[in-house]
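In order of appearance the chains are A, B, C and D, and numbering begins at 1 in each one.
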Amino acid sequence: MTKPLVPFSRRALMAGLGGALAMPAIRPAFGQAAPIKVGVLHSLSGTMAISETALRDTVLMMVEWINGRGGLLGRRVEAAVVDPASNWPLFAEKARELLQVAKVDVTFGCWTSVSRKSVLPVFEELNGLLFYPVQYEGEEQSRSIFYTGAAPNQQAIPAVEYLMGKDGGEAKRIALLGTDYVYPRTTNRILRGYLNSKGITDADIMEEYTPFGHSDWQGIVSRVKTFAAQGKKTAIVSTINGDANVPFYRELGNQGIKAEDIPCVAFSVGEEELAGIDARPLVGHLAAWNYFMSVQAPANTEFKNTWQAYIKNPRRVTNDPMEATLVGFKMWAQAVAQANSTAVDAVREAMYGQKVDAPCGYSLEMHRNHHLAKPVMIGEIQADGQFSIVSRTPTTIVAENWSPFIPENANRRRG
Amino acid sequence: MSTKGRLYLDGVSVVFDGFRALNNLSLVVEPGEMRAVIGPNGAGKTTMMDVITGKTRPTSGTVRFGDHDLTRMDEADIANLGIGRKFQKPTVFDALTVFENLELALKAPRGPFACLRWILTGEAKARIDQVMEETGLTARAGDLAAILSHGQRQWLEIGMLLMQDPQLLLVDEPVAGMTDQETEHTAALLRRIAGERSVVVVEHDLEFVRALGRKVTVLHEGTMLSEGPIDQVQNDPRVIEVYLGR
Amino acid sequence: MSATIATPTPSRLRLGLRAATIAVILLLALMPVLNRLPADHALHISDFVVSITGKWICYAILALAIDLAWGYAGLLSLGHGAFFALGGYAIGMHLMRLIGPRGVYGHPVLPDFMVFLGYTDLPIFWWGFQSFPYALFMALFVPGVLAGVVGFLAFRSRITGVYFSIITQAMTYALMLAFFRNDMGFGGNNGFTDFKELLGMPLNAGGTRAALFYASLATLVGTYFLCAWITRSKLGRVLIAVRDAESRVRFLGYSVTQAKLFVFVLSAMISGLAGALYVPQVGIINPGEFSPGNSIEAVIWVAVGGRGTLIGAALGAFSVNAMKTWLTTIAPDLWLFALGGLFVAVTLLLPKGLLGLLRGRRS
Amino acid sequence: MTRALFLIVLLLAASLPAHAQDAFLDALAGLAGGFTQQAEAAERLGAGGDPRALPVLRALADGRLLKRPDNTLLIRADAGVTEAATGAAADAAGAEPVRINNRVRVALRGAIGRLALVSPDAAERAAAAEAVYRTRSAENIPLLEAALARESVPRIRDQMALALAASRLVAADATVQRQGIAALAGAGTEGARALLLEARNATPALGPEIDAALVSLDRVIAVKRAAETLYQGLSLGSVLLLAALGLAVTFGVMGVINMAHGEFVMLGAYATVVVQDACRGIPWLEPWSLPLAVPAAFLVAGLAGAMLERGLIRHLYGRPLETLLMTFGVGMILQQAVRLAFGAQNREVISPAWMMGTLELPGGLMVTQNRLWVIVFSLVVLGLTIAAIRFTRFGLEMRAVTQNRRIAATMGIRTGRVDALTFAFGSGIAGMAGVALSQIDNVSPNLGTGYIIDSFMVVVFGGVGSLAGTLVGALSLGVVNKLLEPYAGAVLAKVAVLVGLMLFIQRKPRGLFPQKGRAAG
């Protein structure tokens, strides 16, 4: 009866972790030093597996890549993969396990905000380091987390600006459609503040939320049509979460909403999501990201080639969170090399000001607010499921993780 | 005349999806009377029992026990009024011992909290022991009901009826599947129980009914065909027609 | 007590089991102490193991509650996760209120999520949750009332077996959908996190964790004795009778509705208590806890351990979760096969669960 | 090579001096510029009315217009690559497709519409009329009047008249505008309403006329919207029906609680993916891939069902709760197996052309094609299921076994085989549901989980064992859900429906259509 309570000896666990590793075929000789451990905390089952497995593979690819270059500090890098199974309390448990049992030096993980919120206290308590690669609602800054995805001002606001500009169709009415969770809610609140500041009144803003995995969009799409039939150019801003997008876009296409009439800009739809849809009816609808697979840059070509070779599928796509994972990994490796240590405090200090020539074609820098300065790109969906970049900022934009459009931030406690 | 303890059915009909299981049935069982009810399959015997015990609501008609309108009460309330029922197929609680089965049936407060606080007193235990004695199950007190023989299960169920101390007993085919010896034993048991209680026995076995030697009611197609002593009923041409005519 | 007559004399196995149980409880009680040893000590137990064990203890309490309803009264509820979650939410609301002005926006009363969703006042149903006794009361009361209403309607209309299971499943599903809505005022998908303190103790301190661990352990032991007392009382026998031959019980004059309602409400309240102990230990509560899969899994712990045995339920909760923790680490891609296979194997080959395996074919 | 091309260009330019100045070539050059220039160029080409512009603009819209580094524009067609300016054959080496954005696309639509209004092809004219309607410019009025006069196809005439009305609305002359208002008032569409509202903002003088038009328009729209809601409800109901039908057999008829039912639906959807992948690249087969997937999905899911029944479920007959738990485990295994075999990502399912877009029903009601097909499909599947149970030998044996297993066995029916077949049949129906669901939902390993609870509720609500009940239950739940949705939102509507169902079942535990007979009592 005591056995199950202490469920695994450490040796068994390590053997298991070894089994979960993607071992490079030829291992360069490493010294006797213990390997550097990289935790991978992405859901491999449950609802989020759709998005997160690709990120797990990206981390494993980077581990292979760095070992191929002789490892880090002369030590081999080893991945410890766990499956938090899209279960938020399990994320916290697994984070603790990675930090306390597997004793990882750094962790790459999480997709949803709630999973990040769930592990945040654990990382802060145990002084761990988490790289979070997904665009999110901001309103957070933890010393234990480096955010390599976009803050709202690096994605949402430039996208709406584009819609309201001449190229975007000079939209005067905006339908904010989102999945009912904190990222869309906060983003839309910020957008509403922004739109109001641009003279668009609340009467010209429609806001509607649907549950995760919502599949029956008939009613909402017809309501958008009605909303659009008020004699002003209308656009949709979608913060619909990955899974619900396929039926949403199908309904848009089937109800004949063309990008020419009501363009829809999305913040959670990338190449990976489009891979599950016939993109032809969607040509011209938009997405805003900090990276598209179609970016023309040497670093991107290398990224795509390495990825497709690693995953052994020449048709597999890359996307923004994967790029953010790669950037985070490279930055962490540089910081470790610079600090000549994997100690969390030293690495954290070395992270600030770290620069990486990213696949997005820009040199990205980590700021002291733990967020990257990133360029913003607007892409139009093409028939082949790729994006044609129709607008991009000339330089990178510094993240405003505390949005000026949320009034309460004025009396937020600093620190 | 006092209605206390008197079972009174008047014009009772039960209709299932157009099928008349009981058709304008009227029946009176006086206190202390033992009545045998016979009839071919589908005559409505079991439905009649169901109506009396609250399992089935009559479509129309009156069902009274003493002053109580049984059509407005549920099974548990009717049982607590003092109407006990023994099923055709012996149903005892397999996961409980013989003793526990009888203890459950013992007349005592039935609410959940009362059950929680229940403590077996010497008096109650004596009563259970007595019933085990009467039904011949003393030796099996600690055995699970699941491992009893068919006859023992029947007796256990009758024993449970006794524990309830009912004023009216409804007994459905008590000797089906029994050996001759067991049948005799059962008949004796029932006669002994009867005493001051009313008993309604539903039975196929005419020999057994004869052995009971009481007033007989014949049901056919949900209605009463004939009533009287067994010999008179057996010679009633309508009864002969129903039993032999097809 | 009729035990001397009603139940067979305790077998050697039963005595052994009892001894093992006591030993396990003592070992569990030792864990936080061993945790305090220096990290390089041979007997040191890591925080991770202690915290995960604390979580499993809560699961074991939930399993006891389910076993009481299912194993004894035959009520297979596929919605016990909802009661667990409601208890968790009640205590979570208390923990949120305790954050006070320490939230990122520094609002004296409103939790952060309300601030950025633009609330100006605290919703009425949040009133009073700054008081711990009130929150604890609600953790029991809300699941109890919900179980009372659902149970009363279901039992009165004699909904049994799979129909009852389906209805309770729909109940937890509906609650999950509702709690996912941010407009409900329960933090939507994110639920509650980032708790600071409980009863004046910081939640991430070792001492608090040990206290919560002991509170859970004490509750587990207490719940066990409560359940054991109930199942050995005459009510326990009524419940078994209801489970096996419901209508016969009615003809004996027992109100099946009352008996079921009593046990269902009690079971829901125990589940709520388990949830209330769980949330401060894992540090998060969100609508995912309502997901129907969670409730089914909890039922399966009971099936694995052996239904209708109490000890088996707790054993099942521990062993399935231990296996899950172990497998999600060593075989992230394959653990679902193992877990699914376990469910199939147990229902098919071990109808009496692990405890039944120990006991052999007694009856 | 470059030099040779240069020479050719030079020669051509020299040989056609007059054209060098012509507006077409002038504007054409703009198409190689930035998005703003492209949009302007497209508008000029449309306005110019030069027939040579049409193929160029179409090529640009379809992404077939290429640009060489020297800004020469080429058109790629099936026949080969030609120069846009001259139509001469050209070499595409080094050329890249010209990229456009939405703004250019809007301009292109208007320009192509103008040019194609006189096309000999009816479909092109119809599309053109639609495009001109959306572009609406007063300049198009004479063009439309001329086209309308020539047009003989009634449907296109209507469309053109509408386009004319829309164009008149933005004319400078109030009389012309009034004509437009009158015509649009009868159009009965939300699009027309939008145009009128826009005109109202632009020309307040026409306010009263427009308001009057809006009143009559709104009446039509309200009726249409009600019909639309009903359609959406029926569509949701048909999805529920499909998901629940298989369960109505396995649970309703056999009494087996199969929590892996959703996974059988998922298997059906993946069978669709596999069939489509197999058909890809075989031109004559491709359009048939979806119909072909139906029997494939039926077989795959049915086979899986037969294996599950023979291997596991039959050992648990009479223990429904254990079956429930076991099949839950089976569901987990199936999900993870599919995840490992096909990846966790959504799989792309192609909709055939006949399932895309909207269909206009009499009365101007627009319905989405894919959902219409799903409704039809669900009714067909229901019909086939009923027929299989009522009119086949297998159905007879199945009814015999479920009604009285012992007697059926004594009459020589192999009950074990019938059980397996019945379960396989129900599972196969679930697989067919997967084919339909692949057209409206994600094809991912989680596909089934979203439907299992709803399916059980539908079956219980309709009355266990009654297919008619399943039909009525599914459709009415769908409609009620959609009626509530605009007021309560999608989530609360669903919660309300679930709570309503729980209350209903408690009131009528046997559902809408209880099984008849004394045995059921």
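In the analysis below, contacts are C-beta pairs under 8 Å (C-beta built on N, C-alpha and C of every residue); 3 or more make two chains touch, one makes a residue touch a chain.
Please read all numbers here as calculations on a predicted model, not as lab measurements.
Interface comparison, C-D versus A-C: the higher count of C-beta contacts falls to A-C. Distance between Cα centroids is largest for the pairing of subunit A with B.
Inter-chain centre distance (subunit A to subunit B, centres taken as mean C-alpha positions): 73 Å.
Between the Cα centres of subunit B and subunit D there is a gap of 65 Å. Our note on geometry: subunit C versus subunit D, Cα centroid distance of 45 Å, whole angstroms.
A separation of 35 Å divides the Cα centre of subunit A from that of subunit C.
Residue positions of subunit A touching 2 or more other chains: 44-45, 180, 209, 211.
For subunit C, the set of residues that touch two or more other chains comprises 177, 180-181, 333, 336. Listed for subunit B are no residues, as none touches two or more other chains.
Residues 1-2, 5-8, 230, 233-235, 237-238, 240-241, 243-245, 247-256, 258-259, 261-263, 363 of subunit C are the ones touching subunit B in the complex.
Per the touch definition, subunit A reaches subunit D in the complex via residues 44-47, 49-50, 53-54, 166-169, 180, 208-211, 213-216, 218-220, 222-223, 225-226, 228-232, 243, 246-247, 250-251, 253-256, 259-261, 263, 272-273, 275-278, 281, 284, 286, 380, 382-383, 388, 390. Residues 257, 259, 312, 315-316, 319-326, 328-333, 335-337, 340, 449, 453, 456-457, 460, 489, 491-492, 494-495, 498-499, 501-503, 505-507, 509 of subunit D touch subunit C in their complex. Chain contact summary for the complex, subunit C toward subunit A: residues 20-21, 23-24, 27-28, 31, 45-49, 51-53, 55-56, 104-107, 113, 115-118, 177, 180-182, 188-191, 193-195, 204, 282-284, 286, 288-289, 315, 318-319, 322-323, 325-326, 328-333, 335-336. Interface of subunit A with subunit C (complex): residues 1-2, 4-8, 12-13, 15-17, 19-20, 44-45, 81-85, 87-90, 92-94, 96-97, 100-101, 112-114, 117-118, 120-122, 125, 139-140, 180-182, 185-186, 189, 209, 211-212, 406, 408-409, 411-413.
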